[in-house]
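Please go over the structures that come below.
Each of the next two complexes has subunit A plus one other chain: subunit B in the first, subunit C in the second.
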Partner chain A sequence: MHHPVKLGANDVQWCFSQVKGAIDDDVAEADIISTVEFNHSGELLATGDKGGRVVIFQQEQETKGQPHSRGEYNVYSTFQSHEPEFDYLKSLEIEEKINKIRWLPQKNAAQFLLSTNDKTIKLWKISERDKRPEGYNLKEEDGRYRDPSTVTTLRVPVFRPMDLMVEASPRRVFANAHTYHINSISVNSDYETYLSADDLRINLWHLEITDRSFNIVDIKPANMEELTEVITAAEFHPNQCNTLVYSSSKGTIRLCDMRAAALCDKHSKLFEEPEDPSNRSFFSEIISSISDVKFSHNGRYMMTRDYLSVKIWDLNMENRPVETYQVHEYLRSKLCSLYENDCIFDKFECCWNGNDSVVMTGSYNNFFRMFERGHRRDLTLEASRESSKPRAVLKPRKVCAGGKRKKDEISVDSLDFNKKILHTAWHPQDNIIAVATTNNLYIFQDKMN
Partner chain B sequence: MEVSAEAKRVMVQALSKLYSSRTQRGGLRLHRSLLLTLVLRSARDIYHSARAACDSEEPLGPPAADPQQCPAEEAMETSGGRAETAVSVQEQPASRRESRDDKENESPAGAERQSRKRRGKTAAEPDFLPSKRARMDPSEERLPTRSGPGGCRGLRGTLASLPVSQAIAAF
Partner chain C sequence: MAGADGDDSLYPIAVLIDELRNEDVQLRLNSIKKLSTIALALGVERTRTELLPFLTDTIYDEDEVLLALAEQLGNFTMLVGGPEYVHCLLPPLESLATVEETVVRDKAVESLRKISHEHSPVDLEVHFEPLVKRLASGDWFTSRTSACGLFSVCYPRVSSTVKAEIRQHFRTLCSDDTPMVRRAAASKLGEFAKVLELEYVKSDIISLFTALASDEQDSVRLLAVEACVSIATLLPQEDLEALVMPTLRQAAEDKSWRVRYMVADKFSELQKAVGPEITKNDLVPAFQNLLKDCEAEVRAAAANKVKEFCENLPEDSRETIIMSHILPCVKELVSDTNQHVKSALASVIMGLSTILGKDNTIEHLLPLFLAQLKDECPEVRLNIISNLDCVNEVIGIRQLSQSLLPAIVELAEDAKWRVRLAIIEYMPLLAGQLGVEFFDEKLNSLCMAWLVDHVYAIREAATCNLMKLVEKFGAEWAQNTIVPKVLGMANDPNYLHRMTTLFCINALSEACGQDITTKQMLPVVLKMSNDQVANVRFNVAKSLQKIGPVLDSNALQTEVKPVLEKLATDQDMDVKYFAQEAISVLALA
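Let's turn to the complex of A and B:
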C-alpha cells in the first residue's frame, strides 16, 4: 500500500528510521558505499561498495501492529559483484568498486539489476527459492548417491517448503568495451537496451547480447593533446527511448537523438549557462564540472549537480537553467583549501522525489540538502548517530557563513570535510530516503500521523 | 605578488597531485588529470602575467607560446597513449565504427605511442617534489620532440622557467 506523497520538503517532518553498517569509527575501505539505488517499486534498495559487493535490502510488508510507520528495510541479499582485476597490457589494476547500480523493471518473479565497476558491467538475477525437491530415488537427502542395488521401491520426488533462500547469479557480463573508466549506466525505456558511458565514449548495449556494443558518442579527439573535456554522466530519457543526455567536465549538457544518426557526436541540444565572470577563480573549471545528471520522472526537466549548486533545466530551454539552488555557497571562499585536501574533486549525486516537486543532494559534515521547487524552500538535515533514535524527528541544520554564529548553527570552519554524503536516493512513490555516509546507510521517512 | 604566490602554490600542488595519481589504484583518472592540467595551465598563465607585470621592461620567463601546449599535451598523451595500444587490441569485432577513420591508431608520434616503456621514470625530478624513484641514466631523459625546443630543458633555474611538460611527463 502506498501513501500519497506529501507536498514539499518543509511540510514533511523527516524522522530517523534505520541505519545500516558498522558503528565502528574506523572505516574499512572496502565498506565505503559507492552507490545507492531504489528499484522501480521501492520495495528493494541496493547499495554497492568499494569492495565490489552489492547489498540489497527489502522493505517488510507493513504490519497491522505498527500503522504509524512503513515497513523496515532488512537485508535481502548480499553478493560479490566484481572482483579486482589486473590489466596486464597496461599494467594497471582494475578496481572492484561498484560505480553504479541500475535496476531493470520487474517482468517476472525474479529481480534484475545492472552493476558496473570501471570496466565491466554485469547483469545480476536475484531470485527466491522457497521450496526444494525431496524424495529422490538415486540420491540421499544430503546429495550423496545411493547404491542402485539398495533401491527397492520407487517414489516420485515432491517439492517441500524450505527456508527462503535468495540467490544472486550473474546472467550476463558485458566486458571489454571501455578503454576509460565507466561513470554511468542507464537502462532505456524500451527495456531492451542500455547505455554505458566512460570519460570519452558512450556505448549502447542490448541486454541479451554481450559480445558487442555500439558506440553512439565518441568525443575522443584525434590528438589527445587537444582534449578539453570529458563525459561525466549520461542518462536515457525516462520515456523517449531515442533520447539521451550526457554532461561534461566543462559544465555543459548535450541532448542526443539516436534517430538522427548512428553516431551521436552532433548533439540535438546543448545546455549551457554562461559563467558569471565575477566568480572566476583558479578553480572555476573544476567547480563547473558536472558530477551528476538526472531526468525528472515526467521527462520534462533534468537536474545537474556541480560542485556548489544544483540546476534544473527545462528541456526546451538551452541557454540557462530554470532553477538554481546553492548547496553550500559558503564554500566558495574556501575553494583553495578544498583543492588542497582534494575535496574539490568530490562527485556529488542528486535525485528527484517521486512527483518531481523536491530535489535532494549531499554535502559535507554528513549534511544533506533538499530543495522544494515550487515554494523555493530548502532544508538541511544531518545523518548522524546522535540523531538516530527510532522515529526521532530530524532537526534542521544551519551553517553560519560568516559573522556572528547563532546558537545551533555550525560555523564553516567546524565542518568535517571527511564526512561527505555523495550518494542519496528517494523512494519512487513514498517519502522514504536513503542517504549514504562513508560506510553507513541511513533511511529516513516522513512522520506519519 | 600575492597572486603570483598563490598561483605558484596552486601549480605546485597540481603537479604533486598529478604525480601521486600515478600510483593510485585503478589507474590514471582522465577526468581528474584533465582538471588538474587545466588548473595548472591557468595558474601558470596567471603566475607569468603577474610576474611580467611586476618585472621591469625586460620580460622574463620562458617563451609563452611553447609550454602553453605542453601540459595538456603531455598529460593527455601519457594518459591516452597507453590506452591507444590497448584499444586496438580490445576493439569489438562487430563495432559499428570499423569503417571510420581508426582514431585509435592515429598518433602524431606513432613510434612513441606504441612504445610500452614507461616514460615516467626517465624524467628528472623537480626539486620541489618528493623524490620517489631512482634517477635513470641522463641519456634516457629525452622527451618526445613534439614538446618543442623549450620542453627538453633541464630543471635548473627558477620556477618561472618551470618546465611543466617534463614534470607532467613524469607519468
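Let's turn to the complex of A and C:
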C-alpha cells in the first residue's frame, strides 16, 4: 500500500489538485456542468453539461519517481451526447442538457456509460484504438489510384501501430418512453436492466433492447388537477436486484420490491419523518422535497437530500432517519428571499465516500459540506480560484448564523447565491472528490505526506 | 501475356480486399460476405498467414460487419487448408468472442462450436481447449460468458484429466462474481449436463444447479428453472425426488414472480421431464398455486398451459385430477380481474372439451365458454371464437350458437377496427362450422355491412372474406345471395362504395366462374367506366385487367376492348395509364 486510506473528514487534510474549465467570469450557458460521475474503478470521471456534451477525464498512472503524487485527471474523450431537438407534435423544445450520467460495470476493454437529457437515454461506448490497417491494392495510402494493370499480386492489408485514439460511439438510443422530464437513471445490479424515472413514472429497460420498456411505477392521477406529488429521484439498490427506491416532492421515499409484482405501484416500505410542527411554514413542503437519493455502497443505508439537510435512513427503519445533518440551517430565515429568486427550487445532489463513513453535498457561495458519520463532525470547504494553488490545503469555512461575527467567519448576508455547488462526486475508493461549480470542475484530494 | 491475364482476374479480388477497409459500412459488409472468394484467390497459405491475422485485429468494426465475419469463419475450414489447419481460425473467433455486443459474441461461439467438430482429438486438446480456458479465465465477463457455451462441445472428446479441468472451470464460472457470467453458466447448465457422465451429473451438476437456483439474483434463478428440465431428463426416476424436486418446489414458490413465471412458462416441459408419478403428487398442487398466483403475469402464463398440462396427465387419473383440482381454478380464472389472464385462458380452454368428453363439456365447460363469450374484453371473446372447432368436434356448435351470435354481432360492431378485422378473419371458419343456413340467416348481413365500413382495411378484409365464403359455399350460393348485393352498390352515391363493388368483383370473379362473371358482373363494370370519379374509372380498367382471363374471348373483343380503348383516351392520366396497361396485359392492342 502506497498510501494508507484515511477516511474521516477531519483526519483528512483536503488539498487542491486541479481545476477544469474556463477561468473567465463570463459563463457560457452551454458550459454549465449538469452532472459529475466517477466510474466504478475511479479511473475515469465524466461530466455532462448544459450544451449536451460529455467530457471524460482519465487519471494518469502514478509515476515511479513520485510515489506520493496520485495521478491527475486529464481529458480522455469529449463528445456531443445530445443535441437540442424540437417535438413537433407537442410543440416542445427538448433541451440538450445532460441530466445524468451512469457508468456501466466494465464488460471488456471498452467503457460504457448511459447519458440522458429530459427525454432520451443513450448508451455510449468509449474505446481505444492503437492500430490501423495499411495497404491497398488499387490505390496508394494517400488515396491516389494505381494503374490496375500494375497490380500483379494481391496485397492483404496489415494493422500497424498508431497514436492512441479514443473513440466515443453511440451504441443504443432509448427514446420515446417518457412524457415528462427524466430526472434519474440507475443501472441494476443484474447488469442487464436499468431504470429511468421522470416526474410521474419509472420505466424499466433492458440494456440491449431499445424498442420497449416496462412501466413499473406510475403515480399519474387520472385527473391531473389532483396531482399533489412528483417523483424527484430514483435508484436501484447496489446489490439487491429487486429493490428500488424513489423519492418524492413531499419528502417521502418509497421502496419497491420488484419480486412482489410486475407493477410496483404498491410500495413495500415508505420512509417518512413526521413533520416538526414548530418549524411549519409556508415553505415547509417546498423545502422538504427530496432532490437526491443515494444508497450507501454496502446497501444498508440510503441518504436523501432536501433543501436544508441530508438524512441517512436505515433501510430497516421507516419512521425516521437514523442521522440528520444540517447543511445550511442558517438559510431558514432567508427562505422568503430564496423563494423569490427561485433558489429554493435548486436540486442539490449528495454522495457517499468509498466506505460510507462520510457524506458530501453542496451549498451556496461555492461551499460544500462533508459530514463524518460516526463522529458527528462536519466540515465546510470552498471551491474557489483563490485557493487553487497546487497542493494547497483547503481552509475550513464557517458561516456566521447571527450575533457577532468572528474573524474568518462569513456572514449569511454576504453569501453569493449565484455560486452554488449542486453536483459532487467521490472517488469509489480513494479520497479524491470532484466538485462542480457553475462551469468549473474542481478536483481535491487528501494531502499525502 | 500471362501477367496481363493475371491482372484481369485479380482486379475484382483486389477491389474486394480494398473494400475490407472502405469507409462505407455497406461495402465492408459486402466484402466480408465474400470473404470466401478472397480466401480462395489468396490460397490457403496466404489466408492463414495474412488474411486471418488481419481479421483478428479488425474487431473495431461495426457490429453488423463483425456479425457477418463471425458467421463466415464458421465455414472457413476448407479455405485455410482443411481440418489439419482449422485451429488457425481460433484467434479471430477468440477476439470476436470478447466483444460487448451479444449477437456478435453468440455468433462467434456458434462458429467456434461448429469448427470444434473439425478439430482432431489432439488439436482439440492442443489448441481448442486452451482457448476455452483462456476465455473462461479472462479478465472481462464478455469472454467468460462466451466460454460457458464451449465446454459442452469439447468435453466428450478430451482425456479424463482435461475433462476434470473443464468441470472445474465450469464450476468456477457458476460462482462468478458477475451475474452475467452466472446467467450464461445457468443457461448452459442443462446442455453441459447432457455431455457429462451420470456420476458427475449427480455429484457436480446437482450442486451447481442447487446453488444457481438459490442465487441472490432473480435473473439467475429463473434460468435454473430451464436447466431443471434437462437435468430431470437425465436422471433416473428414483433420484429425481431427492436431487431435483426440492429445488423445483422452491422455484415454484420463489419470492420473485419472474421465477414463478418461468416455472409456469416451462410447466409442460417440466411435467414431461419428471414423469407421471411426481406430476400427480407435486406438480398438480404446484400448478394449482400458479393458477391462483397473486401476480397476473404468472396466472396468465399458467393459464396458457392448462390444456397441455391436462392433456399430458396420466390417463388413469386424468379426469379425476382435472375435475377435482384443475377445473375449480379454471372457473375462477374465467372471472379474473386481469384481461390478459382471461384471454390466455380463452385461447386454450376450448381444448379441454376433447379431453373431458361430451357430458363433462356440456355440464362443466359450456357455462365457462358462454361466460367468456360474454366477457367485456373483446380479445377474450375472439379467442373463444377462434377455437370453436375444438368444441364442434365434441358437442357440436349448436349448443353454443345462441350465445355465439350476440358475441359475434357485438365484435362485428366493435368500435375498434382491429377487433372488427379479427372477427372478419374468423368468418370463413364460422361459416364452415355453422353451415350455410345459419349463416344466411344470421351472419350474411354482417358480412355485407363490413363492405361499407368506414375503415379501408375492414372493407378490404370484407372483400377477401366474401371470396373465401364463395370458395366454401359455391358459385350458386354466391349468385343468389351476395352477387346481387355487391352489384347493387355500383349505384351507391358514395364513390368509395362504388369502388368496393369493383374490388369485390376482382376478388370474386375467379371463384364465381365465367358464366356469372360475364353475364352479371361484366355489364356493371363496363357501365361504371362512365363514372364521374376518375378513381372509379381507373379501377374499372384495373378490374377489367383482373377479370379478363375469366372472360371468353368474344366478350373481351366486343365488350371489354372498346371500353378500354375509350378509357385510354381519358382526360385523367391515371385512367389512361391503367387502361393502356390493361390493353397490353390482355393483349387487346
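As a working rule, the second predicted complex is superposed on the first by the 431 of 449 C-alpha atoms of A that agree within 3 Å, B and C clash if a C-alpha of one lies under 4 Å from a C-alpha of the other, contacts with A are read in each partner's own complex, and residues count from 1 in each chain.
The criterion applied here is as follows: a contact is a pair of C-beta atoms (placed from the backbone, for glycine too) under 8 Å apart; a residue touches a chain by one contact, two chains touch by 3 or more.
Just so we're clear, the structure is a prediction, and the values are computed from it rather than from any experiment.
**Q** Using the touch definition from the top, say if A:D142 reaches subunit B (first), subunit C (second), both or neither.
**A** Neither subunit B nor subunit C is touched by A:D142.
**Q** Quick one: is A:D413 in contact with subunit B, with subunit C, with both, or with neither? Answer first, second, both or neither.
**A** The answer is neither, since A:D413 touches no partner chain.
**Q** Determine, under the contact definition given at the top, whether A:A261 touches first (subunit B), second (subunit C), both, or neither.
**A** So A:A261 only meets subunit C here.
**Q** First (subunit B), second (subunit C), both or neither: which does A:N215 touch?
**A** first
**Q** Could you say whether A:V158 touches subunit B, subunit C, both of them, or neither, answering first, second, both or neither?
**A** second
**Q** On the A-aligned overlay, A:K131 touches which partner chain: subunit B = first, subunit C = second, or both, or neither?
**A** After superposing on A, A:K131 lies in contact with subunit C but is clear of subunit B.
**Q** In the overlaid three-chain picture, which partner chain does A:D190 touch, first (subunit B) or second (subunit C), both, or neither?
**A** After superposing on A, A:D190 lies in contact with subunit C but is clear of subunit B.
**Q** I'd like to know which partner A:D342 touches here: subunit B for first, subunit C for second, both or neither.
**A** In the superposition, A:D342 contacts subunit B only.
**Q** Of the partners subunit B and subunit C, which touch A:D276 in the superposed model: first, second, both, neither?
**A** Once the two structures are laid over each other on A, A:D276 reaches no partner at all.
**Q** Intersection of subunit A residues contacting subunit B with those contacting subunit C?
**A** 262
**Q** Can you list the subunit A residues touching subunit C in their complex?
**A** That would be residues 105-110, 112, 125, 127, 129, 131, 133, 136-139, 148-149, 151-159, 189-192, 208, 239-242, 258-262 of subunit A.
**Q** Contact residues on subunit A for subunit B in the complex?
**A** 87, 89-90, 92-95, 97, 118, 176-177, 179-181, 199-200, 211-215, 218, 220, 222-230, 232, 249, 262-263, 282-283, 285-286, 289, 336, 339-340, 342, 345
**Q** Where on subunit C does subunit A make contact in their complex?
**A** Within the complex, subunit C contacts subunit A at residues 3-4, 6-7, 10-11, 13-15, 17-18, 20-21, 41-42, 46, 50-51, 53-54, 57-58, 60, 98-100, 102, 140-143, 178-180, 183, 216-219, 254-258, 294-297.
**Q** Spell out the part of subunit B that touches subunit A in their complex, as residue ranges.
**A** Its residues touching subunit A are 6-7, 10, 13, 17, 25-27, 29-32, 34-35, 38-39, 42-43, 46, 69, 72-73, 76-77, 79-83, 85-87, 89-90, 92-97, 101, 103, 106-108.
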